[in-house]
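Please see the structure below; I have some questions.
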Amino acid sequence: MSLKHKDSDPNTLVKKIRLNFTKKQIREKRLVIVIQMIILFFFIGLWEIAGRLRWIDVLLFSYPSKIMNLLYSKLMDGSLLPHIGTTLFETVIGFILGTLCGTLLAILIWSSKILEKILDPFLVVLNSMPKIALGPLFIVGLGAGYLSIIAMTLAITVIITALVVLNSFKEIDSNYIKVVKIFGANKRETFMKVILPASIPTIVSTLKVNVGLAWIGSIVGEFLVSQQGLGYLIIYGFQVFNFTLVMGSLFIIAIFATLMYQAVAYIELKLNK
Amino acid sequence: MSLKHKDSDPNTLVKKIRLNFTKKQIREKRLVIVIQMIILFFFIGLWEIAGRLRWIDVLLFSYPSKIMNLLYSKLMDGSLLPHIGTTLFETVIGFILGTLCGTLLAILIWSSKILEKILDPFLVVLNSMPKIALGPLFIVGLGAGYLSIIAMTLAITVIITALVVLNSFKEIDSNYIKVVKIFGANKRETFMKVILPASIPTIVSTLKVNVGLAWIGSIVGEFLVSQQGLGYLIIYGFQVFNFTLVMGSLFIIAIFATLMYQAVAYIELKLNK
Amino acid sequence: GNDDDETTTLRVGEVTRSIFYAPQYVALSQGFFEDEGLDVELTTTWGGDKTMTTLLADGIDIALVGSETSIYVYQQGADDPVINFAQLTQTDGSFLVSREAIGSFDWEMLKGSTFLGQRKGGMPQMAGEFALKKHGIDPHNDMELIQNIEFANIASAFASGTGDFVQLFEPTATVFEKEGTGHVIASFGIESGHLPYTVYMSKSSFITENNDSIQKYTNAIHRAQKWVETSSIGEIKDAIKPYFEDIDEEIIEIVIDRYRVQGSYAADPIVDVDEWNNLLDVMIEAGELEERASHDILVDNSFAENAIKSLE
Amino acid sequence: MKLNGITHVYVSEQQALLAIENIDLTIKPGEFVSFVGPSGCGKTTILSILAGLIKPSQGSVSIFNNVISGPSNRTGYMLQHDYLFPWRTILNNAIIGLEIMKKLDPATKSHTKYLLNEMGLSDTLDLYPDQLSGGMRQRVALVRTLATQPDIFLLDEPFSALDFQTKLRLEDLVFETLREHSKTAILVTHDISEAVAMSDRIVILNRKPGRIHKIIEIPNSLRSLLPFEAREEKDFRRLFHEIWRELENIEQKGDEFEA
Amino acid sequence: MKLNGITHVYVSEQQALLAIENIDLTIKPGEFVSFVGPSGCGKTTILSILAGLIKPSQGSVSIFNNVISGPSNRTGYMLQHDYLFPWRTILNNAIIGLEIMKKLDPATKSHTKYLLNEMGLSDTLDLYPDQLSGGMRQRVALVRTLATQPDIFLLDEPFSALDFQTKLRLEDLVFETLREHSKTAILVTHDISEAVAMSDRIVILNRKPGRIHKIIEIPNSLRSLLPFEAREEKDFRRLFHEIWRELENIEQKGDEFEA
């Protein structure tokens, strides 16, 4: 807003405007957080009340305090942490491997124009294939253990990573490549000095997508074959008709998936600083 | 390559070079196709031989001619087409709805800065949540029918679509917006005249990702609840231990998913022409 | 053959985690396997298909799963057939649950109702339809049969209002009864008669090579079967409780009692010829069997017989 | 058009930046005023304020004695680059202002076509922007601004993206068009010769924060000439050097200040 | 450096385009030659061929009597924009050429630092490119080219992205640096004054396909002066207009040809 009177000293003016702005910012931030809290509490509160007053079928929907109680007692007796640890381990490994292998695949394809042309239709088919349906095949190939679960995570992430990263390789301004070619750089040097460093931001932002995919992979993998993990807890919860356990597991998954996503977002921010 | 002798007429030269280039192109294209065919036939042939000679467990891996026979007989007796039709219907509907709803959600969020800030953490959590684990909630909420399957497809596609499209809205060069603001455009006009048309390419390329996700959604949905469809055939095939049926269904899925992907790629090409 | 002091590791895959398999958990928790010098690693490979796949792919050595899967595998032409060597449960484990409380139940009441059945091709569905047909009900014409829902979600679908009747496993049936969501009115276990419902099986080649271990395994199972037969409900509950942390103790007891009373837990590991033929009848009735698979080929009762002898 | 002590502060979470300070200026109708000054001295900021896109932190702008509070129909703003919409044809790009102002009717549309024709773009109506050369695109952007018939033109380095020849030709064209309809114009440029050749008055801005450093009147001898012709005059050379020296002074002061 | 009847055809799936045709030219060591010509006449193509990045469809280039077949250590090519790598510091950007040529040792590194220092960039060694202004970045790109000590400089519109003042200052700097070490230079530009002020010879190219239209020798009176001073001379004006008219002729012929 324009201020009415003329301020003689510009420094005072700048300070005043800055202060006003900061105040407004803080007010807005507070408002946002308050509204978020209201939404959250309203939702949780409504669920709790609906559960306690039996407006909803508690058997199917459970309610927050019940879920928290269950999680708390499981946490205290030490039976929850191994499950979290297992799933987290599978997810993180699958995530890292998926990103790594996808990037390596992209490098391989990039290294040869003719290879790219040859592989193109195969990649398209593999990419549009619902990898989830392949689950049992992994069991056949890799046995009923961690390997199958991690393979599922890998299968889901690797092709899409390769495609996105390859695309980023190809989108690099050819003039950057010219710069090193002028100095006589060969393909390997061009890659190491230009293509790879220039693609780091894309690779990191692919990570963000891969976080979600890696969780899908490990949970689905645990549905197929497992004796521990959050996916196991979910399917076991169904088996023994304990939906409180199912909801609790979903809650933990949501927390850790969000944490992992935020960690990647933080890395991205650092890299783009 | 540089030609040795000097050509007096530049037109002849251009024609010659062009001809050479075209020839080389055609030769390369042929080479690519030949290699692709060799890979394909090698793979299929090896599989066939390995199956027939029992190098692999036929029970688990089946082999191509067996799969083709089964598909052919199922096609002839008319029992295959309804399954394909069902899954295709669910996938296409889920795909279109997912893209549409995701875009609408993005528009809603875009319309208000404060709404965006409020919804941001919720979107991140929803996005990193493995939606597959929510399947049972759909059955409870929407009953055991098409609706649940389509809802699963929607759940998988809608949030990621909204995030990508919203991002494209925000990445539009602010100078384009200035152009219409100068003429006094309001928020709605700015959206209709600038934001939306400028985002069409991004929306279409999101479609490409959504094709894959929609197939995952409908197949997983059919795993949970169905008596028809390719996902059902897969799960039934597993149930009665008929892996030939499973492989055949996967094969059909691969074909249709690829066709759908190519259709979207074609639309993209047309729009970017 | 192994020396007596050495422990042999056996990888066992169970089709699901259920109180229906109580003797198995008893054998584990009471150390019966250890007594035989076995180290048993138990994995849950959710679903018959995955269990059998894992067995065929050598992911596990022994599978606890319905005998029908071994027949399917045989029917598809296995080179190394899967042999049933020890029976754990001998009846179907599901119950007929109605939404409304019914004073005196008559199977005729199912006619014209909506029935939420198990998914096609599985043993529960075949046994269920077999029982219905036995009572003169044509499941596909006399009632509205919903059988498109995956096993783990049937209970949710019923709880959220689908169907008048439902075919449910434990502990869901008991939980529903307790919550008033449904009422157990009949047992498919009783109706279907004795079947090789859940059986330990292994690849023919594995059995040949590990005769000793299989025998020890069968011995431990049989010992557990006897233990379950003779112990009190409370003792059994305490023995299997570590495997069912998330179920009410009270419900565990009700379920154990219900299964034991209707004779679901097999008294011995033998897969009788009659039982086998009954299974074949059920499968043929369901249209899932092309030719009868002979008991001679797919069942090896020698381990069970030795186990019975050694316990006497 | 009157600028009353305009001061603007850009605030963001990290900092507050005083971009321009206390700009006072009165521009007569029909006058052509140029702003020159080092990069980042606030030229674009001033234009944005005049266009009503930014509210100044202090001070006000009045056009024909009305204080402005937002984009006005009477002002046309031509941005530094052409920013034609790639998904619209040339004609549709040219009429977008009319569309938004709800002034699109057969009369205004045919007027726009007439303008495009005048600029030698009559063959391109149904083409898309990426089929045109840079100079043609710039002309379309000009027509887009002209089509709504504003009284005041704000031009932000309109010729900087062009090659030399096209630039000189477009300068003449714009100059003539404005003079013909006696429109008011405010031009921002980095190119001193352009400023001298086209303007009636040149405002030299100081940097960080942008303040009016000096205002130079262009003699009538140059004013009446087309920009291309003006470049040949002796006065042109003199003024060019005067402004050049002023800018050098500002630069050096700035450099010392920064060091 | 000798260009023997160079002709180049760009081929793609859609078309074959004759970009330049039959370019014959001999450049003496230490000479400064400029190429001017309408947009798209093949100037960049010629530089790319001289740099060994493109093999001409016909003809050959020889440097000191050796026919070139790829990028050579003796040639330095400065692209139109700076194209500094945003992830490398200024110093690391400046030494990338040495790195790739495997010539990086304490001596060459300290020489590069010396060059940066000469350009007034000694404070920026550890900064990243996006912390520098356009002019500073352009200077870094220049150092990057100088660091490998080539004998021949290829400069593709090196000053087009700069504002007027910076541009004039850099012109002087480059001119002096080249003269001092008596390097050969080939400059491509759109700016006629730049070409006249800096060169010994100017090659005017015809468009579509690019052919040598005319070669203009710059008189000694101008050659010896710094570019900024040269602009003040009478000869400068004359040459400027001569070239301007030649280019106008080419443009018009082109327009007719296209219509």
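We just call them A, B, C, D and E in the order they show up, numbering each chain from 1.
FYI, a contact is a pair of C-beta atoms (placed from the backbone, for glycine too) under 8 Å apart; a residue touches a chain by one contact, two chains touch by 3 or more.
Here's who's who by UniProt: A, B = ABC transporter permease.
From a predicted model like this one, the values you see are computed outputs, not experimental measurements.
Counting steps between touching chains, the shortest path from chain B to chain D takes 1.
Chains touching both chain A and chain C: B. The interface with the largest number of contacting C-beta pairs joins chains A-B.
Measuring from the averaged C-alpha position of chain B to that of chain E gives a distance of 47 Å. Measuring from the averaged C-alpha position of chain D to that of chain E gives a distance of 32 Å. Each chain gets one centre point, the mean of its Cα atoms, and the points for chain A and chain B are 20 Å apart. Of all residues in chain A, those that touch two or more other chains are 60, 136, 140, 238.
Within chain E, not a single residue touches two or more of the remaining chains. Residues of chain C found to touch two or more other chains are 49-50, 53, 56-57, 152-153, 156, 159-160.
By the definition given earlier, chain contacts exist for A-B, A-C, A-D, A-E, B-C, B-D, B-E, D-E.
Against chain D, the residues of chain B that register as touching in their complex are 173, 175-176, 178-185, 189, 193-194, 197-198, 200.
If you check the complex, the residues on chain D that touch chain B are 51, 53, 70-73, 75-77, 79, 81, 83, 85, 87-88, 96-97, 99-101, 144, 148.
Chain E meets chain B in the complex at residues 5, 7, 9, 11, 13, 15-16, 18, 21-22, 55-60, 209.
Those residues of chain B lying in contact with chain A across their complex are 28, 31-32, 35-36, 39, 57, 60-61, 114, 117-118, 121-122, 124-125, 127-134, 136, 140, 160, 209, 211-212, 215-216, 219-220, 223, 231, 234, 238, 246, 249-250, 253-254, 257-258, 260-262.
By the touch criterion stated above, chain D contacts chain E in their complex at residues 38-39, 133-134, 163-165, 190-192, 244, 247-248, 251.
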